[in-house]
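We call the chains A, B, C and D, going by the order they appear; numbering starts again at 1 in every chain.
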Amino acid sequence: MEAIKDSVHDHIPVCDLARDLVDLPALQRLRHVKQLSTVRLVYPSANHTRFEHSLGVYHLAREACDSLGIEAHRAKAVRAAALLHDVGHGPYGHQTEGIIERRLGRHHDDVDDLLADGPIADVLESHGLDPGEVADLVAGEGKLGQLVAGELDVDRMDYLVRDAHHTGVPYGTIDHSRLLAALRFRDGELVLSSGNVHTAESTLVARALMNATVYRHHVSRIAGAMLERAGERLLDSTDLDAEAFARMTDDRLLGALRDCEATADTARRLERRDLYKRAVWTDLGSVPESVVTADHASVRAFERDIADAAGVAPEQVLVDTPGEPGMPESSTRVVVDGEVRRLADESPLVEGLRAAGRAQWRLGVYAPEERVPEVGAAAERVLGLDFDE
Amino acid sequence: MEAIKDSVHDHIPVCDLARDLVDLPALQRLRHVKQLSTVRLVYPSANHTRFEHSLGVYHLAREACDSLGIEAHRAKAVRAAALLHDVGHGPYGHQTEGIIERRLGRHHDDVDDLLADGPIADVLESHGLDPGEVADLVAGEGKLGQLVAGELDVDRMDYLVRDAHHTGVPYGTIDHSRLLAALRFRDGELVLSSGNVHTAESTLVARALMNATVYRHHVSRIAGAMLERAGERLLDSTDLDAEAFARMTDDRLLGALRDCEATADTARRLERRDLYKRAVWTDLGSVPESVVTADHASVRAFERDIADAAGVAPEQVLVDTPGEPGMPESSTRVVVDGEVRRLADESPLVEGLRAAGRAQWRLGVYAPEERVPEVGAAAERVLGLDFDE
Amino acid sequence: MEAIKDSVHDHIPVCDLARDLVDLPALQRLRHVKQLSTVRLVYPSANHTRFEHSLGVYHLAREACDSLGIEAHRAKAVRAAALLHDVGHGPYGHQTEGIIERRLGRHHDDVDDLLADGPIADVLESHGLDPGEVADLVAGEGKLGQLVAGELDVDRMDYLVRDAHHTGVPYGTIDHSRLLAALRFRDGELVLSSGNVHTAESTLVARALMNATVYRHHVSRIAGAMLERAGERLLDSTDLDAEAFARMTDDRLLGALRDCEATADTARRLERRDLYKRAVWTDLGSVPESVVTADHASVRAFERDIADAAGVAPEQVLVDTPGEPGMPESSTRVVVDGEVRRLADESPLVEGLRAAGRAQWRLGVYAPEERVPEVGAAAERVLGLDFDE
Amino acid sequence: MEAIKDSVHDHIPVCDLARDLVDLPALQRLRHVKQLSTVRLVYPSANHTRFEHSLGVYHLAREACDSLGIEAHRAKAVRAAALLHDVGHGPYGHQTEGIIERRLGRHHDDVDDLLADGPIADVLESHGLDPGEVADLVAGEGKLGQLVAGELDVDRMDYLVRDAHHTGVPYGTIDHSRLLAALRFRDGELVLSSGNVHTAESTLVARALMNATVYRHHVSRIAGAMLERAGERLLDSTDLDAEAFARMTDDRLLGALRDCEATADTARRLERRDLYKRAVWTDLGSVPESVVTADHASVRAFERDIADAAGVAPEQVLVDTPGEPGMPESSTRVVVDGEVRRLADESPLVEGLRAAGRAQWRLGVYAPEERVPEVGAAAERVLGLDFDE
């Protein structure tokens, strides 16, 4: 069996199926999509790609299947799904998810169309696999789908450790070998074996701390918001097709932004890290419920209203309302005293983390540095922020 | 400046004072006192010593003083205290702390006598330092004492990372360089600078997870309880002096246990990892308050009563009631919005961790494997355990 | 002092000068120039950039100056030179060096023009530094220049460790903290202190093994050769200016190759890793001296002659003759018995490594997979290769 | 399958056979035998034991058998041999090898007697294994024995990486996953597959650099020589049986040295790191051939003669003549162009390393610090050293 050297898992043996899949343009494309998009502007070493991450997930999927004793043909399907789980991502990954969902009505883990025919389907079929079955696994469906997308999936095990390795922030360094060894199926559900409440807690904590220091760092959020708005303006002001947009690489999107008059300034700013600054950065208590839960169209309307009130151009105001921090791992199931229990019922830490997540929530309004004073004042009025609360 | 190679901090430059201190028998002795005493019976790689840990603490103390801009003479005193902070430990470290406190009335960080005269005092004085002042720093007294013993001390920063490195359990891998860079003095109090709530949380979480998986692992607790009782029997049945006991190394204590008839069986069991087993292992809800808070004499009385009731020899029953899990880091002070606040007031995670700590609390009663059934039954009656609660 | 998190050196404190320099477009550009150009096609994790490497070199430069006790103003100049040492690199680093040297007559460490005026000069001068002096340091001139570019420079110390970290190949993991601590000046020459023959040998060995397995891997060499020829064709077939070419990023060059008819096929092949294959791969003994030492024009002539003889298009033949493997570290000076000696005179290992380098030398001739047979046969005749020797 | 956490290999799955073997006193004893004996006096973190190393070798043996497709029963025997390969070591490992060979006529890998009957044999037989067959594998006999003891054995792969991890010296960090993946059998011989000349070279280099900086560090050699002579005096001056001596742990030997009048001073010196110093430290060119090749009895005679000439007590002179540095890895077989070749014939680096080994060779004569001048002078005369050569 051939092997690929990886900075995280060291030696990744590559089966024939994987070798054939890796050669496809759809997977080679992931070499040009960074795993952490704009995070590299805060942590300069974070230049790792979804390609190496996909190989890592493939590797952990094989180990998980071995550990669980999954039958050979099913295990092959799981490995294929693991390797392909990110082919549905647009340029800059999560940063363009919203655009793609709004314009194409599909989420990045909906890869039915991508796998239905064409070269990926050809390779899967030549190895005796059904593309539809693999697409279902990518979407987390069925018993084995939980390994690819779920609270205990190998995606998470890879990205936490990989992001820690490449940012230099140690918080993501979970004990993935222990997690893999603790996986069990109970009545079709993927659970952790007895004695692993702490193993589950540690994964939860790792993601919470990585959220706070890495994934939701304000500099990365600002650059991400700039990128998202520029992406929309690009689609609005050119004849670029949303499907073509979704298949771009990071570089091709940046090139397109540079070449389009409406987005050239943003492109230049992103390349030179000359970013907008925070005009507002405030917590849940100061923000009206209607703003917290505002949909995309309302947020755009807020931006226009703030720009009007501040007397600046519309593209100089960005309102960034994160959703409430999710905590999918809180429903992880762990065996305790012979019974399957939800982590949230077993560990008081889950409630603590949930509260910490709410405490860390921040609304951001961003503007060019020289426009910060007026945009801040206008945003306070338009959004009805109450800083005394 | 000379340097010592360390598996954790890599290159530790050693100043003249440290070079002279390191050569003293009191410090060389720490080469023979393991950092994690009986933990190595669970994590076989955990053979690191208080000697290398002391060097690590010395190293971080220098970096902390540099970062804080401490004046040269005071910084030298802090470095000396850091290097000497563990010379008061008895054999097997924390495992013999109780014995030494009961018999000699002093805690391991009370090193006044050890430093007052003799070779350590000579070296300190030859470098212009006052032994009493250094002893105060070891005890955590004064503004600078907080660096050596306190919620933000360099002791903790070293041991979490070192224990993670040597056990292979990643949870202790805190971001000590960020912690060091974030240290500030505010009105004489050591605090973390603005933006470091997560840095403080991560240290708290790291210790909680290391507690659960490493420091309080039941195998280590059983071996520790066996060792402690054997230590007491050794002092009771020989003319060994408590002072001499306190100055032993791990090996010399084990040798003494082997040579004493009353403790030879325990010594053999510890050497061969042929340990007692759990006859009882139960949580707070099942244990009467009076047992949870019982003092040393009462616990010994429980053991005798259980042995009587079970019809086994008194040394075949060990009752192990841990204190409530402490959380000194919860009072860590962090600057938030320009004000100094206690972490516990700022982070909802602290309450979650406190609750998780209570949920993890376990009373243990241990006995030789073949005596487990009768000892378990007797313990339930004698201690008034209620497993239905 | 602010700090930047790095995956290799962890915590890099950043002085005011560095903070100002880092914000300049010339340095931000290095975020878009990969450290190992085409190596990522062999080692998929090797996506690190010259930006993070420059920060690493800056960090080691400060530590080296501290260790050597360099006076503050001079140390500032050295730090500036370290941070700026790669701003002269073209897109894909060493891969376009030849083109830039032939067209612009300058090497990447000739940064006089880049620093002479404009924003870099402004920042340097505002911090009291003379741009010409910093440019001289970048070129390795003068006593302190040896720290920036020389056998014992901090550039090498960073890249070996960084490339090991990111490829996953451990051979580059030198002991840089020991190297830094061993640096001394003797009669104006940078040397290693007594007892460091092995330290010097280990650096030499690290580079030799990284050469063999990483830097000169045949897949990377093929992609590099494809890129270089495409770069030349781009300059020949468009009105792109050589100066503008030299200031491109990796992505902009790839975009330009895509957009130019003469190079679009190469761009597509590089993006999809659909590379030429080896038609010839042979050692020194089989290659006439005239081919080994052929200059650029002669190599291009060989390519045309082989293409003619094979009946293929000229761009379908690439002849790749590496220079003899250099070994600058062999002249490293080490103190032995109180005298400064050249490593090559002190260590028999140097001759072994030199011979190993010669044994590893390979001439490559590359062609599209389907043209390999005829190109191989034609190359053997045209170049006069003798496979029996 | 249960698992053990290891600081080097992370997660080591433990089969039933291994679990039963690990519980035996003969293996538990290895927890008390340090892997690097006196090296910890130079590298304070190097406290790892032959127990964790044995687990590591067991782990790599399983991976090697998997990679080579060894049949299940044979693989079980190889795993048993890997786990047991060090049970024949005396206290302080290699440091007492000479004593045991001279008194008992057996080498540490001769474990026939240890395995022939008793608890180890019982466990092996209960798992269907023949103790004699396992003993042969430990001795490196037969085709599969090469995996346990030979140029490409898993013992070496573990100790190089483990010693690097625990000393902090990076040179031993070989690419063991690549080595494992490259193992092949060709005509019954264990070889590395094509393309692995550098992999083999890197192992050779790693051991050479670890020799120079770690294994043969002069402080470790001095302490080792002190320990060996004390061991001999202990056997000569007490009724301690050589068999009992060979089965001691490090601590028990140190205790015995403390309790014996003739060796108490050495025991105290070793505990406090108050070691002899070098009276002579010179290279091959200065030492007569007869001294280089002198046998044990002659070396003892030299010591007595030097002590006489210097007017010091006989135990105050230690002559330490290392054998010529071996290089077993130079006969590693690698596939090149389809043929099996010896590394020494394929790589010019081997000759370079051999020469470097000779250049590093040192004769040492050690004495208490205050006796160094007269012992040095006497040694020069008695041994006929010629420092001008």
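In the analysis below, contacts are C-beta pairs under 8 Å (C-beta built on N, C-alpha and C of every residue); 3 or more make two chains touch, one makes a residue touch a chain.
Bear in mind the structure is a predicted one, so any value in this text is a computation, not a measurement.
With steps allowed only between chains in touch, the distance from chain B over to chain D comes to 1. Looking at A-B and A-C side by side, the one with more C-beta contacts is A-C.
The angle of the rotation superposing chain B on chain C, based on CA atoms and rounded to the nearest 5, is 180 degrees. Comparing the contact residues of chain C and chain D by number shows a mostly shared set, over half of all numbers used being common to the two copies. Across the assembly, the mean Cα position most removed from that of chain B is the one of C.
For the pair chain B and chain C, the distance between mean C-alpha positions equals 50 Å.
Centroid to centroid, with C-alpha atoms defining each point, chain A and chain B lie 40 Å apart.
Work out the mean CA point of chain A and of chain C, and you get 34 Å between them. Residues of chain D in contact with two or more other chains: 5, 10, 169.
Across the interface of their complex, chain C is touched by residues 169-171, 173-175, 198, 201-202, 205, 209, 212-213, 347-353, 355-356, 358-359 of chain D.
Contact residues of chain A toward chain C in the complex are 4-8, 10, 23, 25, 28-29, 31-32, 40, 43-49, 51-52, 55, 165-169, 249, 251-252, 254-255, 271-273. By the touch criterion stated above, chain B contacts chain C in their complex at residues 3, 5, 10-11, 13, 177-178, 181.
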